[in-house]
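Next come two complexes built around subunit A: one with subunit B, the other with subunit C.
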Partner chain A sequence: MVQKSNSIIVGIVSRFMAPFIQLFALYVIAHGHYSPGGGFQGGALLGASILLLRLTVGDKGSELVFKKEFGTPLSGFGVFIYAAVGVLAMIGGGLYLDYGSLPFAGMTPAELRSLGILLVETGVGIGVMATVIAIFDDLTMRHFRD
Partner chain B sequence: MKLLSYILLISFGLILVYAANELPTRGDPNAPINRDSSLAGTPGATAHYIRNAEKDMKTPNVVTTILADYRGYDTLGETTVIFCAGIVVFLILRKQKDGSKV
Partner chain C sequence: MIWQVELIIYLLLIASAVFALRVKDLLSSIVILSVYSFGSAFLFAILGAVDVGFTEAVVGAGLTGIMFLAALYYTTRKSID
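What follows is the complex of A and B.
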């Protein structure tokens, strides 16, 4: 349980900034092919934007954006996406994580590899974001009633 | 005792600085890491990646190609490690709501 910040300036500014941080995070993930960045960095940014809301707006307001129950399942889901892309490549007739043989029609192997990198980075991003949030929520939870 | 640790730290630091003088400059084509073949005669990895990354997967960022494709298993392991960290914190800290011991 995180206490809501008392300052109205902090609350409004962080609520204003959070969507821009999330937009930049999506840019970092999606533009990882051409510029520094990728799943880890974008996921950390996404997680940080939610943590900002958790700290300033409080639990009630920030759970409108990201519910606490979603943290741990989503982090598993991110890893699952990564592993599933590998299995998908096996279904397409290649080796595990060999994106060149992903079963999507009408694309050259080079394009398939580019797509595979994007899919994998998305999985990493979701996993990192959810893990950061889940650890924060576990650490700040108060179920210790003794 | 404190003085001894300072002397040890400073001497190790001096050894590191002395060793860093001998490092090859960045992008040196004659450095062992950048050669076409290693000392044992096997083909070098770096030159292969830089030459083929854009052709193989239409991605100009060589770091991304190595991270996500050439070294895909490694990144899968990294993601799993982060997931494990989250799960461990979950298992240690989270208790059930009715107060029963987990």
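What follows is the complex of A and C.
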């Protein structure tokens, strides 16, 4: 229910900047093991890029990127990825979230730990992005849908 | 680190915090609060906590500003008192 911005400069610049913000967010998530950043910061950047589109392009244009109905299910899906990696490590014979015993064949424990951290951070990133967008959509929704 | 840079950032933090409380236009208050968040993010990065500074820059300067803006959309822009 946010009004579209009338300024053409603001609209074009934010439409131009949003894909670069999303690319940087994917970089932050993918390099979370050995540099500052990680799932939370990358997910917050992804959410902020879509909120920028919501504020400037308007509802109709920004729902082409991220539909409002996807907010709450995707936040649950991110938590599911996190929990599923933990349970998968238990199936492989270790403790909960013990990445070294993930049941993937042909990988050393060091590679398994690196892959496990990446999977968990992907889940955290999806969850944070969807939660931020869902909070914003609920805040700016004028009437509750029946 | 260089103490002159830290002193400038501390002064910027105090000035932006006072101005964010004092200004009558609530939209300007939100923007000045984002300036405060960026200043504290710089300070965290100087003190060695790069991860904390990154989070502060993303969440404090980006997301809370947008959330305050969304809340402001349903109220009046001018402060009454």
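In this section, the second predicted complex is superposed on the first by the 143 of 146 C-alpha atoms of A that agree within 3 Å, B and C clash if a C-alpha of one lies under 4 Å from a C-alpha of the other, contacts with A are read in each partner's own complex, and residues count from 1 in each chain.
Note that contacts are C-beta pairs under 8 Å (C-beta built on N, C-alpha and C of every residue); 3 or more make two chains touch, one makes a residue touch a chain.
Everything quoted here is computed from the prediction, not taken from an experiment.
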{"item": "Winner by number of subunit A residues touched, once subunit B and subunit C are compared", "value": "B"}
{"item": "Subunit B versus subunit C as contact partner of A:K67, first or second or both or neither", "value": "neither"}
{"item": "Partner chain in contact with A:T131 - subunit B first, subunit C second, else both or neither", "value": "first"}
{"item": "Partner chain in contact with A:S114 - subunit B first, subunit C second, else both or neither", "value": "first"}
{"item": "Touched partner set for A:G78, first subunit B, second subunit C, both or neither", "value": "first"}
{"item": "Partner chain(s) touched by A:L139 [first = subunit B, second = subunit C, both, neither]", "value": "both"}
{"item": "Subunit B versus subunit C as contact partner of A:A48, first or second or both or neither", "value": "second"}
{"item": "Interface residues of subunit A shared between complexes with subunit B and subunit C", "value": "36, 38, 40, 135, 139"}
{"item": "Residues of subunit A that touch subunit B when the two form their complex", "value": "32-36, 38-40, 71-72, 75-76, 78-79, 82-83, 86, 97, 99, 110-111, 113-114, 116-117, 120-121, 123-124, 127-128, 130-131, 134-135, 138-139, 141, 143-145"}
{"item": "Contact footprint of subunit A on subunit B as seen in their complex", "value": "55-61, 63-65, 67-69, 72-73, 75-76, 78-80, 82-83, 85-87, 89-90, 93-95, 97, 99"}
{"item": "Residues on subunit A engaged by subunit C in the complex (per definition of touch)", "value": "2, 36-38, 40-41, 44-45, 47-48, 51-52, 55, 132, 135-136, 139-140"}
{"item": "For the subunit C and subunit A complex, residues of the former touching the latter", "value": "50-51, 54-55, 58-59, 62-63, 66-67, 69-71, 73"}
